[in-house]
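Everything below concerns the one structure shown next.
Going by the order they are written in, the chains are A, B, C and D; count residues from 1 in each one.
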Amino acid sequence: MTEPLYELAHLGHAELLTPVYDRSLAFFTEVYGLDLVHESGGSAYLRAWGDHDLTTLKLTAADRAGLGHVAWRAVSPQALTRRVAALEERGVEGEWIDGDFGHGKAYSFIAPSGQRMELYFETEKYRAPAGKASYLPNQPQSSVARGVGAARIDHINVLANDVPGTREVMCEALGFKLREHLIPPGQPEVGAWLSLMNKAHDLAITREPVPGVTGRLHHLAYAVENREDVLRAADIFCELGVEIEFGPAKHSRTQGFFLYVLEPGGNRIEVFSGGFHIFAPDWEPVTWTTEGQGRSTAWGLEVPASFHSHATPVLP
Amino acid sequence: MTEPLYELAHLGHAELLTPVYDRSLAFFTEVYGLDLVHESGGSAYLRAWGDHDLTTLKLTAADRAGLGHVAWRAVSPQALTRRVAALEERGVEGEWIDGDFGHGKAYSFIAPSGQRMELYFETEKYRAPAGKASYLPNQPQSSVARGVGAARIDHINVLANDVPGTREVMCEALGFKLREHLIPPGQPEVGAWLSLMNKAHDLAITREPVPGVTGRLHHLAYAVENREDVLRAADIFCELGVEIEFGPAKHSRTQGFFLYVLEPGGNRIEVFSGGFHIFAPDWEPVTWTTEGQGRSTAWGLEVPASFHSHATPVLP
Amino acid sequence: MTEPLYELAHLGHAELLTPVYDRSLAFFTEVYGLDLVHESGGSAYLRAWGDHDLTTLKLTAADRAGLGHVAWRAVSPQALTRRVAALEERGVEGEWIDGDFGHGKAYSFIAPSGQRMELYFETEKYRAPAGKASYLPNQPQSSVARGVGAARIDHINVLANDVPGTREVMCEALGFKLREHLIPPGQPEVGAWLSLMNKAHDLAITREPVPGVTGRLHHLAYAVENREDVLRAADIFCELGVEIEFGPAKHSRTQGFFLYVLEPGGNRIEVFSGGFHIFAPDWEPVTWTTEGQGRSTAWGLEVPASFHSHATPVLP
Amino acid sequence: MTEPLYELAHLGHAELLTPVYDRSLAFFTEVYGLDLVHESGGSAYLRAWGDHDLTTLKLTAADRAGLGHVAWRAVSPQALTRRVAALEERGVEGEWIDGDFGHGKAYSFIAPSGQRMELYFETEKYRAPAGKASYLPNQPQSSVARGVGAARIDHINVLANDVPGTREVMCEALGFKLREHLIPPGQPEVGAWLSLMNKAHDLAITREPVPGVTGRLHHLAYAVENREDVLRAADIFCELGVEIEFGPAKHSRTQGFFLYVLEPGGNRIEVFSGGFHIFAPDWEPVTWTTEGQGRSTAWGLEVPASFHSHATPVLP
């Protein structure tokens, strides 16, 4: 048996681009409930109350919405070196960058699906100032939050022209594990759900609906603590004037309980809770094939058309 | 930086001894909600609906209650070989055994705290027969269960005379990570919470209250899906005549939501949900020291005296 | 100010007709979780664990599905007499019947919308036998149930050609209070939600989609204890092969959290939780008028077409 | 059968006295989550987001903590007149007062247990200004709130030297219904739980522990929407430095899920959810007598000593 790789630890942070920076920032702080920890060079650096790292979201003013980059943290400096070598061995070229607010040097590369990604190890941990500290010393920050109260960064879903080709690089070079994939009869693989350790997914790769287009974001998700928090989020979004695109409902893949909205810049944002845990080191990927099994939601709720068509950047 | 070890995957199964086998079996099946998958040689082999392995609990008739053994699954055959070598290097001697119902060959040894433990890799996955299959192909079994409906094996708490000595072997030889520990002012370390990957704990080691006694069990825990399921379990225990020892309430360490009862044989059994997730590969162990921080429950609920004194086997 | 009438206490029971008696009975007992308390004359009498009356559902074999009758309990014998007089004053003629299993004499009449209804006072309270008793003396029965575990009868939704005409009789003669109604621009009133005391609705009257048809049932609802129980019900229905028609989601009217399925006979059955409480004796009915306000679900989920077209009996 | 009286509609409002007005006001607004709607004459008038009346809590600066008064709203002006006559018939003398911010003329009297009470009908409904309006027209105010987010006034617990004597007046003159009472073997009735319509209690009367003392408050409760909100409140209190006295746990009487704290002035405040519903007009009061049944919490959690001894005003 080939040994499983445990070389990447978690989704570290993501950078979202927005053409309406102020409104997006207001959404993420006042509605989604993140804290602004730093602002410079046209970017805001944000964090959720349960994030142990200083910042997990970089919001950057740009001409159009989309994913600036997504960054994965290695389990050690040695693992970082090994994963970069493995990428280069497979012909995925990148470059070392100096780092950014909140983390040290990183290896920046373009995934086969076209999104910019980073690998890094050095990170700055959050140290709560007096007014932000939790009564629980094992929690990075007080859980008293605004709005939806997003608790911690959870996963990202990118689009790819070639789902199996993309996930093979992510698995073989970086140690992602394929947990579930969707192969409708007579079609290529249209979705793959990958994770690093015990989660059902840290990264979802689903099929880009527009031929030849690359690098688009389907959604970024933060977790809340339970399903009641997702239901509560639905009311809060409605009270605060944010339209719900899809949910709350239960995913079939990952079994997570979800809710999707578009932030003012147009990027799709999820409020997520749950998802099953994977402990088996020899997990056999679940292949969803038939219509019966293949439905996107566990209880039969239909997926809105926009969920299959909208992604960022929006195409002209 | 020393690289973190990801060599053990999860708590595989535990063997509980009971002097009232029939009553214990009735408790685990009818009240706790496990399924009986096999019975032979005076032992019952049980599983929860969400367990991916064939069996996670072995219940064995014995003169007195206690822990028969607890078994940890390695991430690969190679990792198994390496961990056995690491144990032997540290002078922890054991022996290879042929395996048991549900798993292959295992290395059996006595932990420094006196409990018998096993390491193994080969396991039998559960394949649900028609009437037990779930509508969700990524779930091992239908979630429709009896009673409390325990969902999956979660963690174990053993007692040790020497908490730091025990956890050091578990961490250094086997790759457990110290997540939190409790060192009251002027006292030795009285508790340590260790995990393998993303959970807050797979193994808790707390101090044996009786000098010189070794090998005792504090509790075994299965998880349910959310806090409402723990509250529901409280009513079900009461309706079915099982007295609650402690909870429902929120732990300070691990932040899990808990409920404890004694099964008819006397072993303490927990219904557990939640617990924070740990993604940082360089997690700094949280040292609980003061009374203010050191309380055992998050919201201030006092711990009943029995929780500090009762363990199995009960001393004469 | 005209004094509000508090003359009817609650929805007492409903009789459902089914062309597949055995399968309907299996659904209500094994899936929905009711107990069978009596069977005679081609009818089964059932109860939920939280019902204080002996029986709240009568299931009767018939050529086609539909509502046999629905019965409202008066707050006193005197109130019963007064309400019958009030009906007759308004020209609604009926007849006294001897009663049925579980209740005494009743006044049986046809509502303006065509459904048979009964008013009664004498009822038989449930006295739990030993194995069914709850550990809580203020609860009629142990809450340990099968399947969905429906907890108590809650409300009924009937169809009417003339919604305002029907609800005026129910309000003026019987003391129902109009809580909310839906009057789309340029249309007649298409829905009215009425209650007796503190609930948001005991009776909903919505518009019969087929001109000239009378007496049809839209749905019958039992309550569960919270929203998690509704989510749990969704999984249980799926595990047990019952297709979900609509939900789980949050109603805009009543704000209840809902889930609808069809029982094997074709009658629509709801699992319901919550709904706001009404304490004001001078509650001003909420008129839903615009599209924005008028949507049927709070969070924007679209209503499936079948929800507007299917009712029982199904038309040839 | 004597007809049940439905003459009072609900707990209208309560006035709490506090020796630390500013700190109490900060607690109720920032931690408990009420809105301040008016301030005058040394009193603050507050409301919860789900209250339909303009104000439900009056907070008044005073030398010591305690209950200023508690007010019950009649179902009609006629019912108000009848209830005042019924009080006077029983020798309970009072006086008409002009009303206060938020309500019209009221009849003010001293209950047999010594607390000042008011009966009134005319009330001012809350009309949300633009920024406070809910997206749901059947909800008085946006549910986005601060801190615990108390949702609506629920019930009050007063102390009485003579529990049965007090409740008899409340029942016979005012139409409260006795739902449950506690009579330990060989003792007088030490607790009575009364309600007006469908709730398990609007008023609890428990025994004053100090002979001869009258008029004290045990606690005032606001409801939240579900048990998860109570659990969430526990964390929020801890994060905001408010010590929990008791709970979260489940009451045996009423079956409500509860959490108690002392506000800075010393008055005990509950966060409450659930409680069973009572629909039977001929409900037979549940008499709790034995130890087994008589425990105060459903799951066996012991009641802290302070819960039996502390009340406001605190005795010198």
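The working rule: a residue touches a chain if its C-beta (ideal position, glycine included) is under 8 Å from a C-beta of that chain, and two chains touch if they have at least 3 such contacts.
Not measured: the values here are computed from a predicted model.
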Inquiry  = Give me the set of chains touching subunit B intersected with the set touching subunit D.
reply    = A, C
Ask   = Between chain pairs A-B and A-D, which one is joined by a greater number of C-beta pairs in contact?
value = A-B
Note = Expressed in whole Å, how far the mean CA point of subunit A lies from that of subunit D is 46
Request  = Would you kindly tell me how far, in whole Å, the mean C-alpha position of subunit B lies from that of subunit A?
outcome  = 31
Message = Give me the residue numbers in subunit A that touch at least two other chains, ranges are fine.
response = 135-136, 226-228, 235, 238, 298
Note = The subunit C residues in contact with subunit A across the complex are 227-228, 231, 234-235, 237-238, 243-244, 248-250, 257, 298-301
Query = subunit C touches which residues of subunit D in the complex?
reply = 1, 3-4, 6, 9-10, 50, 52-53, 73-79, 125, 135-139, 152, 179-180, 197-200, 225-228, 252-255, 274, 276-277, 279-281, 283-284, 286, 288, 293, 298
Request  = Using the touch definition up top, name the residues of subunit C that touch subunit B in the complex.
outcome  = 134-136, 142-144, 147, 226, 228-229, 235-236, 238-241
